[in-house]
Structures are given as structure tokens and as C-alpha cells.
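If you scroll down you'll find the structure; I have some questions about it.
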Amino acid sequence: MVFWISAILIGIGVYGLLTQKNLFKQLISLSIIDTAVNIFIIAVGYVDNGKAPIYSKAVPKFMEGAFVDPLPQALVLTAIVIGVGVLALGASLLVKVKEKHSSIDVENMKGVGE
Amino acid sequence: MRRFYAILIAAALVYMLISFISTVPSYGKADLKERVSDAFLSKSVNAQNTKAWMEGKAIHRQPAKEIYGKKVKEEGSANVVTSIVVNYRSFDTLGEVTVLFTAALGVGLILGGSRRKQYGREANFVLKTSTGILVPLIIMFGAYIFVHGHLTPGGGFPGGTIIAMASLLLYLSDEKFFLSKASTGALEGSMGGTYVIIGLLGLAIGGYFLYNFLPNGVVGNLVSAGIVPLVYVAIGLKVGAELSGLVTDLHSEKEG
Amino acid sequence: MMVLLIVLPLIFAFLAAIKKSFSYPLLVTSTVVNVIIVLLLKTSVPSVHVLGGWKPPFGINLVLDDASYYAVLIANIVFFLVALFKETVGKYSTVLMVMLAAVNGFVLTGDLFNSFVFLEILTATGVILASKRENYYNAFKYLVLGSLAGSMYLLATIFTYTQVGSLNMAHASYFAISEKAIVVITILYLVGLGVEAKLFPLNGWVSGVYGGNDLSPLVMATAVSFAALYMMGRLFLTVFGGYALHILYVLALITIVAGELAALYQKNLLKTLAYSSIAQAGIVLAAISKSTEKMVSLAYFHLTNDVIAKFVLFLVATFLVYNYKNLNGVFKKHKVLGTAFTISSMSLIGFPLFAGFQSKLRMLMEMFKTSDYLFPAVLLFATVIELTYLVRWNVKLWFEDIEDESEVKGPALRATISIILAILLVGIFLAPNIILNPTTKVAKALLDSTSYINNVIASSMGGM
Amino acid sequence: MFTLLVALLIFSVVNYFISKASWRVGSIINALIGSYLIFQVFTIPKGTEVTIGKFLGETLALQWTNAGFYFSFVSLLVIVAVMFFAIKWLDSQKHPAAFNMFILMVTAGSLGVFMAKDLITLYIFWEIAVLSSMLIIPMGKKESRKAAVVYAVMSAVGTYMFLYGAFMIYSRYGTFSMPEIAKNLANDPSTSFKVAVVLLIAAAGIAKSGIFPLHTWLRIAHGNAPDAFSAVLSGQLVKLGSYVLMISVAVFPSLKIFANLKLYSGVPAPNYFLIALGAASIIIGTLMAIKQDDMKMLIAYSSVANGGYILVGIGTMDPLGFEGGVLHVFNHALAAAVIFMAFASVVYRTHTKKISELGGLIHKMPITYIAYLFAIISLAGIPPMSGFISKWMIYQALVRKGMFITAAIAFFGSIGSFLYVFRPLAGVFLGQLPRKYKDVKEVPPIMWIPMLVLVAISFVMGVWPFPILQPIENMRADFGIAPSFKIADAQNWLVRGFSGSWNPVIVFNLFITGFIVAYILYTLFPKPKKVDLLKPHKEEGAPINIYTSGEFIYTPELYHYNTKFYAGFERMYEKHPSWEKLLYMLAKFFHDVGEWIHGWFFRPSPSAYTFWLAMTILIIFWVRW
């Protein structure tokens, strides 16, 4: 089910990228796709009844099936940060696009035609 | 019409992805024995025989063992995700730090502001006062998060982000507030450098870049897991400085 | 040792963040040091560096074999050459250092997720470089496409993980992935990497990024392009040996034709060259997709020639475009630059006396030997079109009557480097083996996944 | 031989720097080197083979054959003449140093082509010749820039078809060496392969020698190249094409290769096809030449027609036809070179190449006039010049083979050539001298001597053709085309054909007699008087009301009788379809496709990129399942 959600989220992101004329909305669509992929990654590592992979007094022992897969979580951590970086870059570019082309709407931008 | 086609395409993509998903083990049925994760969880990477493991003949099954509160020779952080992020796959994290570094750098270069942007609206009294109270607490909380990264959920990235929240709060509450680029840059650079230097020390001492050359201690203790807390502190400060710098860039404009 | 290639530029970049005014000297230092390290590394091919001492497939490992060594060599030399141009580099020296680290990491890494991380750094730095000279919208377009591709790449990596159980390339190569899963994985990788490798409908960003300013084409069209195409070979030949190659072949052929035709239409010098670089990437990809040792070797031989020629072309073209309003007859004022430009473009077309001839003819011959008649026909057709626009530009730049009377002082460094590289192109024609020997090794290394796997496994047994 | 070529190539670069210091020294050195080369080609023993080296495991080699000798000799004659001509002519040019360098490269490239033993060597030197000539062409006037591009593209189309053919051969027989290929082709059972390969190889020749579908570059390239270089282009570079055509039908013995094919008029279908192309070129070249007002373009079209003659002659693979075709190479080379040099001299002095702007230069430039006169006599194929012999041989062969339509076309072309060569003669040299050229002088001796030397050679070979026929006979023997009788019979002073024989010396004497009689008559009749062309305008003001032969005369130039010289004749085909336009349409088509691709895939917004990315995944996904 979670897989389906992530697939549908990717679809939504793609839909957004395809239809939105506002560049910032496109950036957000991109972010949705990122999130969808992250959800997928986390979902891939889920084990039924598994706990968060942290040893503590409550779960001091390594046992088969006791924990969910920690590796996807580590990957997602990285992926999220990368997403943040890209988002920040994109946003700052859009600030400048707005300055230069007077709009961030694809149809109203001035001086982008070749 | 455009939307209709877009829906069609998106639907086709979703259909395709769902058909892809059939190749993945169904939700909740992931078998960690077939993955490297079991070795991470049981902290027994060094005990594995690579060739046999890859061939799949080996005992993928790891024996159950007590870990919390014990001295584990291989790895010492209670949080396994942290042990992966900062130890087993620390190089990824170096890359990750670099991405963030690049983003901050890029935002600085693109926006190129050098003085505080004035919005012309005064923050209200509640915000101002509470900022004064909250900022030290937030910073402390952030520091707590990344110092305990190897024990509890969290770590350098969340901790750093929380610290950056503090500076964001300061920006929101005060039109005059401006962090100098030089200071955030210096912290950022020196902390990034620290991370790399820790790695290089590992290379010098153990022969491998990012080698854990400090004793692991007892799993669950604050002082344990070798270089992990050090790296996480560096990352935390670096991310904090970076994101603060990013916030600074977004709130600044060009001279004149 | 090889990890220094990635780490040193990185630490220099961090240092540059502390003191901005040191960034350019640091860039020069790091590129020089890197080139020296690469040259020293020659003796330790093949070797594997296990990061943190965590043996593969559990930890991350860097693999230096003949293939990655060659790619690293080219990339570092390119960065060294770019670093010499202080004015062009401008404020972007820190970015270049990060990018250098990323290129090296992308090429050397033996881990799929790690390669994703470096790919993202490449995209991010590429976007920053592209935004130079207020080229923001094109940079944004690249960012969107690049991070979409990144998502695909990441998805593919995760699918691989669920199948293989690790992220290690050697393990993925070793593991018999089920037929159904490998289709999924290769499609996603093809799309994800296709954006950087300039595969046809995914290469819309190229003209905007290469044609937008004077710095990004110099590194993107050469070092980054080389790294991406290297990774294409690494993934599709070594790791997923043989899957999806026919799709790659078809797309590559379309890429060639589309790139050349778009270049024919272009009126802007930089964009023309950008499209030509798309077409060249198509040729390389088509050759890679044949997956025979000879063809792969020729693919990288051709790529090397293209990289050298493109470096010279962009070096000259960016100088011209950003110094003169009207380009008619500018080479009358800059004879040396003009000569280098002409030699490089002739090499690109494949005239005898220049390097491109060697690679193109050999490729044709090899294709005919394996009785593939389609690729040569496309290649020759593309060459005719390529010749049309390159000759048109050469004639325009050399012979048209000068309209822009202003005269910019002759750039001595640019002229020296471009003419040296141009002479190198002639040298490669005379002695193709100086490039062919290493590229043959590259092809061997890429196609021989067994020894790749064995290297990695051995590293986990006996250490470094 | 190889050292010679390499030395030439290296020295060409050296010469650039010498010429930078003093281009005159450079061009004198060039001329000396050229002269030395002429002697050199006689000293190399036939059959010498030199291995250049290995390429892809195949040996590249040069071989000195009879054909190579003949073509090299003809080429060098033209090139050396132009080199001497250039010593003075170059001072009207902007890039003398580059000219000196590239013309030496052209020489090296062409010699390499004629010496090549295998197709790859041929290709390499071919491209060197193309490349260097391509860089000379744009040194001319404004239009020449475009000309260079058109030239390069057309040439490339042919060349890459050639290359494709060469590799097809290689993939089948594993060799590039021409003698071996000839052997293998003769024994190959697959007809379609042979036809394809021969036509692909011939494509390079078709493009280069300006045969019908790819002839359009001649007009623009010859017409706009630097004037003296047009002589090399038309006289020499075009002959590279003829050489390749000869390879495709004679070196690869077409009669043997296509022995199992149906014969049309005694020649196999592929040859017949080539002959048809040649015939088409004759028609197009002649008709278009008649129309031209630009004298260089006029001769450019005549080169198309003459290329057609050569192809028709060689294509018949008949002893006489072959000899005629090959001899026509020599005749046309010399004639075209002299004509273009004469034009170059005219342009050198008057700075225009429009026939309608010139006139009456016979008084100012008599030597140039004489050179031009004799050259066009040879070009039109009138005895006693050597042009007659080759055309006669070709007619003989055509009639004998029963190709009456082709023969008729050839005759038509011959008559047409009278028309078009007369146009510049009348327009440039005869008639009234425009006032602005009243101070024009004859060109200096260093420019007219090369012209006269070439004319003299052509003349002598017309009277006594046996020295030049001998190497052709050797060539013919090499290719195994044996006649039933001796064609060139030096002992009896006879040139034989199927329908009879003739003695060139007697023919020459007859013509000289006729000329003397005509001259006597000319001196007896009263001399013509000169009228000032501009006089009526000066006296009467605007000459709008003047009306003559259906035209209003708005400007004095329209008085010139060369304006619309063949108007009546041209009207007959003025609405002809233009092949050149068709090719431009093709080019435009590719350009438009490029625009379309650009607009759809490369320019658009992030949405469109996403669209293509999604479509790619979906299409791959759909294709795979």
C-alpha cells in the first residue's frame, strides 16, 4: 500500500511538472517526487513488527526480525539533505529569474525566447 | 486538454511504477538476511566472509547477541542508522555534507547579497521577546541532538537544522540582525575541514580513509563509538552554519 | 591514495570557504596536486580502496582500474587546464574544486548509492556554473531535469538494493538479478544517467548550459561529459552487462541525427558546439552499446578526441563570443586561436591529418566488420551535416569582412593552450596508439566484470 | 614517393611562414617546386610501390601506374602554370601566404590520390586536397564564402558515399587494395552488391567532377573562387573526380564484373546509367552555360558539360571511347586552365567578371585574347587544337556502340559549346571598349607566359598527338581494353577510328591554309570604324526614349550588344526546372527539421523536458513488454 502511495505521489509530481506554468510550483512538484522516492525507500526497508534500529535498554539484543532495515533510513537521510540542497538552489535561481525575466510564470517571462 | 494529457501520462507512469513494484518484496516482508543490513545491525561486518556472502552460501543468518551495554569491538553506537551514516557509509555522508555545502555556496553566488534586506515591517512584541528566550534553548537542544546522535534518533543534520532555526528566528524577529558571511563561512569551512581531517587521520593511522581510530567504548554510553560523535559534532556545527548562511543569503540583497 | 583525489579538492574547498580570497590559489594548488597524484597512481592500477576499512559489499569502496584511471586522468587534466584561466574562473573556484571532487568520486566509486550522491553534487555544481553570467533560467531548467534524473537514478539504486541486498557495484554485477527486475533497473538507470550523458530526448538542457556562459562548457562538455559517459559504460557493461544495450543503441542513433540537425539550424556559435557535442555523445553511446572490446575502446578513443577538440573549440568560442559583438572575420585578428579552432573542428569532422579521422574511420571499419550497416550510414550522414555547419563557421570566422572593429588584446595563455591541444590532435593522428592503448585497456576493464568483481572481493580479504 | 608527398605537406607549412615574410619569394619557390615535380613524375619508374604503413591492420601503399602518371602530369601542368601565374597575380589577393600554403597542399593531395594503391590512401589524400582547396575558395569575393560551404558539402556527400562503398568492399573481401578488389569483384556472384559498390565508389567522382545530380557546386565554387584558383579547380581538381570515375569503371573492370548483366548498346547497365548521367550533364552544362552573364560561371557550366564528355567516353569502356575520354581530361584541363587564367588576367586589370560590363579588350590585352581564342578553339573541339581529337574519338565510340541518343546529345553539346565560348569572346574581347577601361594594359609577362605555354602544348598535341596518346594507350592496355586495330599510329601519322582514320598534320595544314586565305581577305576589305559608345547619351541626355529590338534602353550598358546575348535562344528554355533549387530545398528541409527538433526538444520549458523524460520511460517500457 505504501508503495502505491509513493507511486501515486510520483504521478502527482509529474502531473504538476507537466501542467504548472509557475516555475515555483514546478519546483514544489519536484520536491513531491523527491518525497515520494524517499517514502518508497523507507517502505522498502520495513519489516512487520520491526522496531526502530536503535539499541536501548528496552531492546538490548540483536534478534532476527526485531528491527526494520536501517540502511534505507540512512540512505533517506542523505537523500533528504540532497533534496534540500537542490530546493535551495532552485529557489535562489527563481529569485534571480524573477528579477531578470520579471516573472516566474513560463508564459509571462520576458526575454527567454531564442 | 493539456491537463488531460498530463493526467494520462502521469497515470501511465503510475501504472508502470506499480508494475515495477511487483519486483520488490511486498511491504513489511523485507528479508534482512538477504541484505547487508543484518551485518550492520549485528555489528558483525568484519566477521563476514565477503565471497561466501556474495555467493549466498554463507550463514546469512546472524546469531542473536546482546549488544546494548556491551563492548562491541566493531562499532559502538547504539543508533544503528547513525552507525551506518557516520561509520559504515561515512563517505556518503561526506558527499551529503558536500551537497549542502555546494547548495549554500551556490545560493551565495547566485543571490550575491552583501547586506540585510529590509522588509519594512517590525516584528511584534511577542515574537521579539520569545525569541530572546527561545534562541538559547533552541541552540542547546540542537547541540543535544547532535551530541547524542549515536545514541538516540537524530544526529548532525537534524541538530544543525535546529540550530539554523535559531538564526532564522533571529532574522524574523529583528530587521537589523545580520550574520556576517565571514563567520558562518569560517565555521562551515573549518568544520568541513575537521571532518575530512578526521578521515585523513584514519587514513594515516589505519590505512583507510575515515577509519575509526578511536576506541569504541560501551554501546549506549555518551563517550563511545569512536569518531562517530566527533564527526557528528562537526557535521552538526557545519550544517548549522551552512543553513544559517543560507538563511542569511535569502535575507540579503546586493549593495546599492 | 586514490581517495586523496576526492578528499584533497574537498578540503581545499572547505578551506576556501573560510578565507574567500584564497580560493583561486587553492584551486590551482588542488588541481596541480591532483594531477600529480593521478600520475603517481599509475603504478597502483588496479587497486581498491575500502573506505573506513569496511569491506565490500558492506562498506563503500573506490575502484581504480584501467577504466577509471583513464577517466580520472582526463578529468583532472581538464580541470587543471581550466584552473589556469583566472578571469574565466572568477568567483567560481570553490565550486570548481567541489566539482573536481565530485567528478573523481563519481568515476572512482564502486558503490551505487555513493555514485548517486556524487551525481547530485555534479548536478548541483553544474547548475551553479551554468548560472554564471545571469544564465538563470537555463540553469533552472537544468536543475529540474537534473534532479528528476537524480530521482530516477535513486529509484534504480533502490530497486537494485532490494534485489541484490547491497549497493555494491561488484556485488550487483555478480548477483544474478531476475529478468524482470533488471529491466526495471536498467530502464531507470538509462533515463537517470541519460540526462548527464546527453541521450536524446533527455538532453534539452545542454544548449542552455553550454551556450549560456564562458565557464560551464569548458568543464561540462569535457570532464563531466567524460565522467557521465564513463559511468554509462561502467553501469551498462560492467554492472548490468549486456542489458538494455539495444535500447541504448537506438536512442544513441537518434541522438546523433537530432543533435546534428539541431546544430545545423543553430545560429549561435556556442549552441552550435553544444549540439555538436550532443551528437558526439550519441556516437560514443552507440559505439558503447555494441559492447565489443574494439568498439568500446574506439568509443572512448573518439570521446577523448572529442573532449580535446571541444575543449579547444569552447576555449576559443567563449573568448570570441564574450569579447566581440560581431564575429565576422575575427580570426584575422587572432590567427593562432583561429588555427586551433580550425584544426579542432576539422578533427571533429574527421578529416585526415587530425585525430578525429583515426577514431571515425576505425569505428566505421569495425562496424562493417561486424556487418552493422546502419550505424556507419548514420555516422556518415551526421558527418556531412557536421561538416556543413563547422565549415560554415570556419569560413565565417576566417573570411567574412570584419564588422566589429574593436580589437581585444590577444589572450596569450588561451592561445598557447589551444594551439598545444590542437597540435596534440595532429599528434594523435600520427600516433593514435598513445590514446588507443589506454582506451583498449579501458574497454577491457569495462567489459571484464569478472576481474572487476575479483578485485573488489580480494580487497575485502587482504586489505588495501 | 611517400617522402615526396610528406615533404610537400611539411614544406607547405614552412612556405606559409616564408610567405608571411615575403609572399613573392614563397610563390616563386612554389613555382620552382612545381616545375621540379613535373620532371620528377617522369623519373619515377612505373610500377614502383611504396608502403606507407599500417592502418587498422591493413597495409596502405602507393603505386605508380600509367594512369597515375598521366593524371599527375596533367595536374602538374595546370598547377605549375597557375603557380607561375600567381607570382604576379597574387598581389591582388588578400591572403597570399595562405594561398601559397594551400596550393602546395592541393598539389600534394592530388598527387597522393593519383599514386594511391588502396582506397583508404586514396581517401586520405582526397580529403587533404578537398580540405586545402576548400580553404582557398573563400578567399574570393563575398559570395565565395557560401561557395566554400556548398563545395565542401557536395564533396562530402560524394566522399562519404565512396567511403561507405570502400568499407562495404572491405567487409566482404577484407582488403582495400584496388588490384585485389578488381580481382575479387570480377569473381563475385552477387550482382546487387557489385552494382551498389561500384555506384557508391563512383559517387565521389560524380560529386567531384560535377556530374548531373551533384553538379551545382561548380557554378558557385568556380564562379566565386579566387580567379586563378578557378583554373586549378576546373582544370585540375575536377579531374580527381574523373580519376575516381575511371577507377569505378575501368580499374574495376566493369565489363568483366557485370558480364552476367544485360547489355544496353553494348555496355552493362551500371555503365549505361553513368553514361546517362554524363549525357544529362552535357545538356545541363551546355544550356546553363549559354545563359550565364558571369564569365567564370559560364566556364564553370562548361566544365559540367565537359565532365559529362569524359564520363561518357570512359563509361563506354570502348577502346576509342576510353581513350577519347581520358584524352579529354588533358584537353579540358589545359583549355579550362587557360580560359580561367585569361579571365583572371581580365579581372586583374578590370575588376569585374560580368561579360556585359566588358568589351573590346582585344586592343588592350592582345596576348590574353590570343590565349583565350586558342583555348576556346580547343574546348569547342575544332581542329587543329587537341580538343578535336578527343571529341572525335568519343563520337566514334558512341556511334559504333549505337548510342544514338547520347551521340546526338554529344553533338548538341558541341554546337552549344560554340555558342557559349563565343559569348565571352565577343563580349569581353571584341566589340566596343567601355570608356572606363581605356587605360587598361596587358598583364605582365609572368602572367601571360604560362597561358601561352599551355596553349602551345595544346596546339602541338593537336598537330602531333602521339606523345600524349602513348601514355593513354599504356593505360588502356593496363585495364585490358584491347582494340582490334592500332589507334594511334605514329609511324603513319594516323589516328584511326572505326569509320576511318585521319592525319592530324594534314588537317593542321588545311586549317592553316584556310586561316591564311581568311586573313588575306580580311586585309583586303575595308577596316571597321570605331564609334563612341556613350556619345548619344552625352548629346541627348536621358536615353529613355530609345527603343531597340523590343527593349527600352534605360542605361548605356543596355546598348552593349552583349546584353541578353542569346536572348532568343534562352527564351526557349527560360522556365526550366532548377536542380540547384531542388538541392537547396533539400538543404532547407534538413535545416527545418533541425528547427523542429530544436523547438520541440531543446528549447522548451521544464514541463516539456519532463514530458520527454516521461515519454522516454514509457516508450521504453512499452517496447520492452
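For reference, chains read A, B, C and D in written order, and residue numbers begin at 1 within each chain.
Convention: contacts are C-beta pairs under 8 Å (C-beta built on N, C-alpha and C of every residue); 3 or more make two chains touch, one makes a residue touch a chain.
Because the structure is a prediction, the values reported are computed rather than measured.
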{"item": "Pair with more cross-chain C-beta pairs in contact, given B-C and A-C", "value": "B-C"}
{"item": "Most centrally placed chain - per-chain CA mean versus overall CA mean", "value": "C"}
{"item": "Inter-centroid spacing, subunit C versus subunit B (mean Cα positions, whole Å)", "value": "30"}
{"item": "Whole-Å gap separating subunit A and subunit C, where each centre is the average of the chain's CA atoms", "value": "28"}
{"item": "Cα-centroid distance, subunit C relative to subunit D, in whole angstrom", "value": "44"}
{"item": "Distance between the centres, which are taken as Cα means, of subunit B and subunit A, whole angstrom", "value": "15"}
{"item": "Shared-contact residues (touching 2 or more other chains) in subunit B", "value": "9-10, 13, 24-25, 30, 35-36, 40, 89, 92, 95-96, 99, 102-103, 106, 110"}
{"item": "Per-residue multi-chain contacts in subunit D, two or more chains", "value": "603, 605-606, 610-611, 614-615, 617, 621"}
{"item": "Set of subunit A residues in contact with two or more other chains", "value": "14, 17-19, 23, 26, 44, 71, 75, 78, 82, 85-86, 89, 93, 96, 114"}
{"item": "Pairwise touch network: line, ring, star, complete, or other", "value": "complete"}
{"item": "Contact footprint of subunit D on subunit B as seen in their complex", "value": "9-10, 12-13, 16"}
{"item": "Partner subunit B, residues of subunit A touching it in the complex", "value": "1-4, 7-8, 10-12, 14-15, 18-19, 43-48, 52-57, 59-65, 67-71, 73-75, 77-78, 80-82, 84-86, 88-89, 91-93, 95-96"}
{"item": "Residues on subunit D engaged by subunit B in the complex (per definition of touch)", "value": "611, 614-615, 617-618, 621"}
{"item": "Sites on subunit B touched by subunit A in the complex", "value": "2-3, 5-7, 9-11, 13-14, 17-18, 21, 24-25, 27-30, 32-33, 35-38, 40-43, 61-62, 64-69, 78-81, 83-85, 89, 92-93, 95-96, 99-100, 102-104, 106-107, 110-111, 151-153, 155, 157, 219-220, 246, 249-250"}
{"item": "Residue ranges of subunit A in contact with subunit D within the complex", "value": "14, 17-21, 23, 26, 106, 114"}
